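For reference, chains read A, B, C and D in written order, and residue numbers begin at 1 within each chain.
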Amino acid sequence: MSLRASHLTLNRENEFYLNDVSFEMLPGKIYTIIGRTLSGKTTLLKTIAGLITQDSGELLFNGGNFDVIPVWKRQVAMVYQQFINYPHLNVYENVAFPLKQRKILATEIDKRVKQALDQVGLIGFEKRKIQALSGGQQQRVALARSLVKEANILLLDEPLVNLDYKLREQLREEFKKIFSSKASENAILIYSTTDPVEAMQLGGEILVMDEGRILQQASAKEIYENPKTTKVAEITNDPAMNLFSGNIAEGKVLLNSTIQLNLPTHFLELPDGAYTFGLRASGITLNKSGFPFQVELAEISGSETFLHLGQEEIHVVGLLDAVKNFDIGETVSASFDIEKLFAFGSDGNLMSSPYCGLN
Amino acid sequence: MNKTIRISTMVVTASLLAATAQADKWSDQFPHIKNTGDVAGECSYESMSKKDYSGQKLTINTHAVPVIGEPTALHAQQFSKLTGAEVNVIHTPAGDLYSKAMIPFQAGQAPYDIVFGFSNFIRDWKQYLQPVPAKYVNMPQMQDVTQSHIDVNSWDGEMIQFPIDGDRHYLKYRKDVIDNPEYQAKYKAETGNELRIPRTWKEYAEMATFFNGWDWDNDGELEYGSAEVMKKDDLMFAAFFSRSVAYAKNPRVPGGYFFDLETMEPLINGPGFVEALTDWVEATKYVPPGGINFGLGDEINSFGGGQTLFSFSWDDAFVAAMQDDSPIKNKVGVAPLPGSDRVWNRSNKSWDMEYNQAPYIVWGWTAAVAKASKKHDMAFDYLCFFANDANHQADIAIGRFGVNPFKKSDFDADIYIERQGWDPIIANQYADTLMEMEEGSTNRVFPLRVPGVFQFNSAIATGTSKALAGQLSPQEALDEVAAEWKKIVKRIGADTVREAYSVGVALEDNL
Amino acid sequence: MRTFYVTLKYIAVTLWSMFVIAPFLWALSTSFKDFNSVTSGATYIPWVDFEPTLEGWRVLLRSPAQGGVNIVEPYLNSIFVTCFASLISIALGTLAAYALSRFTFKAGFIRNDDITFFFISQRIMPPVVLAIPFFIMLGKLGLLDTLFGLVMVYVVLLMPIAVWIMVDFFNKVPIEIDETALIDGCNPYQAFYKVVLPNSIPGMVVAGLFCMIFGWTDFFFAFILTFTEVQLLPVAIVSLNSSITPWWSLSAAALVSVAPLIVVAFIVERYLSKGNLSGALK
Amino acid sequence: MNFKHKYMFLLPGLLVLLGILIFPIGFTVRLSLSSWDSFFPGLDFIGLENYVRLFTDDARFWESFQRLSFLSITTVFLQYILGFSLALMVWKDIVFQRFFRVLFLIPMMTTPVIMTVIWKTVFHESLGPVNDFFSLFGMTPLWLSSEGLSKVTVIIVEVWQWTPFMFLLLLAGLLSLPKEPFLAASIDGAGPIRKFVYVTFPLMAPISIGAIIIRLIEASKIMDTVYVLTSGGPGTSSETSSFYIFIKGLREFQFGYSAALSLTYLIIMIISLTVIAKMLVKLMIRS
C-alpha cells in the first residue's frame, strides 16, 4: 500500500493553496504535517480525502490513479479540528454510521462500534446526545468514527487544537498509543498540526509546509538536527529559533558591534562572509560573563520562563528552566551557546548544523 | 308623446298591481316575487321552467355583494332551479370588473359566459361581445325599456349589452330642511334668497354652505352641505360631468361635447368645464370631514345616514335614505340636476346668458354575453330572466340590490307608495323626475364611449383630483387633462376615436 | 436609574401592545354593528353605544344569493394553495439553497451570489406585470382556474423566501458535517438526505412558516390570477367591498382570516424561545 | 466541494422558477416593444417608443418613484427602529414575555389588504374612532384626504403591519448572540447604553442589513395599502410606482406601456437595492 503525490498544485484567485507538492507515504507510519495556519495543511488533507480536486498533478494510491475515485469510495477517514459529528444521531449511531453505509451486518457493526468506543474510552456513553458531551468527548466520538471504518488512510486535521491544554496533553498521549496500534494495522496516518512539540512527540515522518509548499520531508530527528532552511527552523521550533544576520570574519562570528562570538568548531570550514545564524531559545543562558541585554518581556509558562531580550537591533528569546520574575527594562547578562549555532546562507539554506556538518 | 307613454305605462302598471293580489305557484316556490307572482312573458318563471339546461354550466362575473352582485346570485339560483343549469357566480369589486373581463378577452380565453360591467365599457368590449339576438330585442319585455337605456346599451343601432338596470344622476335633498318654514325664513334673512330646490349649481353651493357644519336636524351630530364622489377612483369623472353639463352642453352647438368631432380637439379645458370645476373646488368646503376622499359608498353612507343636505349621483343614496329602517325615510326629495344661468357657446366663444339644464345620461350597470362563450342561448336566457318583470319589480324594491328603474312601467308612483310605503308626494316627484330625464329631454349628454375610455376617464380623475386637492388651479388641471387627452387620441388614432365618438354625438344631436 | 428604565420599558411595551390590538378591537366591535350604528358616528361598546347584531357574521355563512359571501370554499382553497405551494417551495428552495451554500457555480460573469440574488429578485417584480403573460400561459397549459395553476404561480412567489432563509441557514451549518458524511461513504445525495436534511428541520420549519405567512397574506397575485372556479380567501373577502362598504361583515371576515395565522404566531414564538429559530435566521 | 451532483441540487428549483417565469418575462419584454392596449390587443412592433415616452414624457412615473423612495425608506427606517427597540425590550427580563412576543408578531400574520380595509374605517374622517378622539380637542385631521397626512396614514399602517417582521428577525438575532462579549462588557463596567453601542449593535449589524434589505424589497411594492386607503390620492399625492404601473396596466389597459414601466422599474430597483446594500454594509460595519 502506498500513497503518492506528484506535483499537486491548487491555485485560487492567484493564491497558492498547494504548490508543487510531492511525497510518498507508506503504511505503518505517522506522517505529521506541520505548518502555520493557512499554510495549506487542511487543503492537502482534503485533497487526499477527495473533497478538493487539485488543478494539476496527481495522486496515486497503490499505483492507481486516486483522482478518479470519488470521496465516498476512497476508504479514508478524517477527524477535524472542529468537533464534527452528526448532531441528529447519538454517540452509538454516530460511530455506526460509516459501517451502516457500507451495509455491514448488524452484529458485526455492534462489535466494531463497541470496540472503537472502548478504544477512545467512551463505553457507557452510547445513548448520549452529541450536544450533551464535552468538547473532548465529542472529539473522541469523531475519532472513534474514523477508527471504526478501518480506513486505508486516516486523516487528522489538528484534532487537538480546540481543546484546553490539560486535555490536549492527555489526549495526545492516548492518540499516540492508538495510532501506533493503528499504524501497525497497515493504514497510512496523516496528522496535521501547528505545534512543533506535538509533531516531535508523535515521532514518525514530518512534512514541513509553508505557503502551499513542502519545504522538507524527513524524520523528526533529522528536522530537529538539520532544518533545511530558516523557514523550517522557525516553523518547527517553539519558540521559533532565534535568527540573526551577521558575518563570519577574522575567525569570529560577528552579530553586531558588541556581540562577537568565537567560531565554533563546526563552522571552521565556512568561508568568511554574511550568514544568517540560528540559535534555539535553549541555547541562550543567563550568565554573568555574557552580553548585556534589556528585558523586554518575561512570559512564564508552566515551569519555564520565556525571556525576550533586546540589545540594539538584536532581539532574542531565551528559555529558562525555572520560574523567575524580571522587571521590564532590567539589564541582564546572557551568553550564547556557540556549540548550538546554526548557520544559513543568504538564500536561507542550511550551511552548517551543530549536529553534523552539511558541507 | 309624453302622454301616450304615460298612458301605456299606466296600463302595464295596473296589470302588475293586479297581479299582486294573486300569489301563484311560482311565488310560493320563489318568495322573492311574492308581491307580483310570475308575470307572463318570454322569460318568465313559467317560460324558463320549460327549458332544460341540465348538465350545462354558466359562469358569470358580476359585482360584489350586495349591489347587483346579490341579485345576480339570487337569479342564478332561481335560474338553476328552473332550468337545471349549474350557474357559477363570481363577485368582483366594481373597480376591477373591467380588467377581470378584459384580461381573458385579450388573452383569447372565455372563462366567463356573462360579464357584468358598466355601459361605457361598450366600445372596448364590443369586439368580444355577442350582440343581443333579434328575438330578445323584439320581445315585449324589451319594448318596455326606455329609449335612453336602449341607446346606452346599443352601438350604432345594434344592441350589444343587455339592459338589466337603470342609472342616472339626479339631485337628492333633505325635504324636511328645504320645506322647513323656519329655515326658509332664516335663510332668506341671511342670504336674501329663497330656500327652495336649487335650480342652479350656484344656488346649490349657497345652500350647502349655509347648512354646513351645524346640527340642523337636532340629533346631536353635526351635519354638512353635500356628499359627493370626490375620491380619485373610477367613478369620479361621472360626478364631474354631472356638474359640468349645465355649463358646457349648449343645445345650439352640435358636434361634440367632450371633443370637437371635426378636429378631435378636446373641449375639456373650455370655460364651461373650468367653471364647473371651480364650483367643485368650492364644494370641498361644504362636504363632511374627509369628503374629498368619498367614494360612492361613502356618499351613500353619508347622505343615506342623514349627514348631508344634498347629494347628486346615482339612485343608491336616495334609495338608502328611503329604506324602512332609515332615520330619514320620507324626509328626502328628488329633483333634476341643478342647471346654470349661462352656458358656454364654443362656436362664437362667448357665454350664452340663459338658463340651461341638461341631464347626463350616466352609464350604469349592464351585462353582456361573451362572444367566445359556447353557451349563448343559455346566457341570454339568464339575462332575460334576470330582467323579467317579476324579478325586476321585486329587485327595485330592495335598496341594497342597486337595481333601479329603466322600464317605462317603473315610472309610476303607485308602485313605490304601495309596495315601499313612500310618501305619495315624494313618490310622484321621483317618478316624474326620472321619467322626464329618460324620455323628455332633447338636450342631454351621453357618457364618453370610445376606445380606451379608461385612459380618458383616468386622466379626468387625476386632473380634477389635483384641483380638488389644491395642487393645481381648475384651469391648469383641465389644461393638463386636455393635453393628456390629446396624447391618448394620438396614441389610439384620431380617426378611431372619432368614429366611436360620433355614435354618441349622433344621439346627443338627436340625429 | 434602573427603575426608571424598567418603568419606561413597561410603558413602551404597553403602548405598542395597545397599538397592535386597537384595530382588532375596533373590528370586533364593528362586526356587531349594522348600517345605522356605523353611519351615526364612532361607537364602541355594544349595548351601551349601539344595539349589537350578528348580521356581519351571518353574512359569512350565507350564500351570495342571500346577500352573503361564502368564504368556506375560498378558505379551504387558500389553505390548500398556501400549504402546497409552501411545501414545493421549501423542497425546491432547500435543494437550491444547499447547492448555493455548498458548491461553487460559475457561468460567464455569474457566480453563486448572482444566482441567489436572481431567486430573491423575484420578489421585486410588481405582480401587475405578470398578469397577462401568466394568464396566457396558464390558458395555454390548460391550468387556468385550477388549484394547480395557482400553486405554480405561488411557487414563484414563495420560493425566493425559502431560498433566502435556507441559504442563510446552510451557511451557518459547518460544511465539515457534509464532508464527514461523504468521507463516511455517502454520495452527495445520501449525504444530503441522511445527514444534512435531518439537521435542517429547524430551518425548514422557519422557511415554511415564512412561506405560509407570505402566501396566506398575498393579495394581488391571488386577485389577478383567480378567475372563476378557484377563489382565494383575501379575494373573497375583498369582493365583499361593494359600493356600500359593509363594515360589519368585512370586520368579521378580517377576524376570521386572521385566526389560523395566530396559531402560526404561537409556533413561531415557540421556535424562537427554543432557540431553533435563531439558528435558522441570520 | 465540487461535484457534478451539484447541478442536481440547484437545477430543480432554478429550472422550475425559470420554467414558470421565462414565458412571462420574455413576453413582458416583447410586450414593452408593442403598443398593446385595450383597443389593439396585439404584439405589433413599435421599437422603443414606449421607453422614449417613459423617459421624456412621463413626469408622473418619476414622481411616483420619488414618493416610493420617500415612503419605503421612511417606513423601513421606522420599522427598524421600532422593531429593534421592541426586540430589545422583550429580549429578556420581562414579565409575560411569551405573551408580548406572540402579540407583537400578530400584525404580520394578517392579510394587508384586509387589515387596511379595517384601518380605513379606523381612520375614517367622520365615522372612525381616531377622529372621534381628535374631536375632543375640536380637531378633525384629514387622515385620508389631505396631501401630507395621507402619506402619514400609509406610513402608520405599513409600520403596524410590518414592524413585526423586523422584530422577528432582530429578536431571533439577539437570541443567537454569544454571551461572552456581554460578560466582558459587564466586567468592564459598561452601562446598558454603552453595552448597546459597543456590543449589541455591532454584533447585530449583519442581521440588520439583511432585514433592512428584505424589508426594502417588500416595501418597494407598497401597493395594497395605497390601493385600499387612498387609491393614490388625493391628486397623485400618495401614488407609488407599483400603484402607478397598476393603473396603467390593469385600469387603463396600456399593457405595452406598463410592461415598459415595469421593466424599467425592475432594473432601477435592482440597481438601487444593490447600491443600498453596499452602502449599508459600509455604514453599519464601520460604525
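The rule we apply is simple: a contact is a pair of C-beta atoms (placed from the backbone, for glycine too) under 8 Å apart; a residue touches a chain by one contact, two chains touch by 3 or more.
The structure presented is a predicted model; accordingly, all values stated were derived computationally and were not measured.
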Worksheet item: Hey, how far apart are chain C and chain D in touch steps, shortest way?
Response: 1
Fill in: Pair of chains with maximal C-beta contact number
C-D
Worksheet item: Measuring centre to centre, with centres taken as mean CA positions, what chain is farthest from chain D?
Response: A
Worksheet entry | chain A-chain D separation of Cα centroids, rounded to whole Å | 54
Worksheet entry | Chain centre separation (chain A, chain C; CA means) in Å | 54
Worksheet item: Whole-Å distance, chain B centre to chain C centre, using C-alpha means?
Response: 40
Discussion item. Quick check: what residues of chain A touch more than one other chain, meaning two or more?
Written reply: 51, 70
Worksheet, complete the sentence: Two or more other chains are touched by the chain C residues 38-39, 41, 131-132, 136, 179, 182, 187, 224, 238, 241, 245
Fill in: For chain B, residues contacting two or more additional chains
96, 103, 106, 301-302, 307
Worksheet item: Can you list the residues on chain C that touch chain A in the complex?
Response: 174, 176-177, 179-187, 190-191, 195, 198-199
Discussion item. List the residues on chain D that touch chain C in their complex, please.
Written reply: 1-3, 5-10, 12-14, 16-17, 20-21, 23-25, 27-28, 31, 82, 85-86, 89-90, 94, 98, 100-115, 117-119, 121-122, 126-129, 131-132, 160, 168-169, 171-173, 175-176, 192, 206-207, 210, 214, 217-218, 220-221, 223-224, 241-242, 245-246, 249-250, 255, 258-259, 262-263, 265-266, 269-270, 273-274
Worksheet item: Across the complex, what residues on chain C touch chain B?
Response: 35-36, 38-41, 63-69, 131-132, 135-136, 139, 144-145, 223-224, 227-229, 231, 236, 238-246
Discussion item. Which stretch or stretches of chain C touch chain D in the complex?
Written reply: 5, 9-10, 12-13, 16-17, 19-23, 26-27, 30, 38-39, 41-42, 44, 92-93, 95-96, 98-100, 102-105, 115, 117, 119-126, 128-134, 136-137, 152-153, 155-156, 159, 163-164, 168, 175, 178-179, 182, 187-189, 192, 213, 216-220, 224, 233-234, 237-238, 241, 245, 247, 250-251, 253-254, 257-258, 261-262, 264-266, 268-269, 272-273, 275, 277-282
Response to the item:
The answer for chain B against chain C in the complex is residues 59, 61, 63-67, 69-70, 72-74, 76-77, 88-94, 96, 100, 103-104, 106-109, 111-112, 221, 295-298, 300-302, 304-307, 316, 320, 325-327, 400, 402
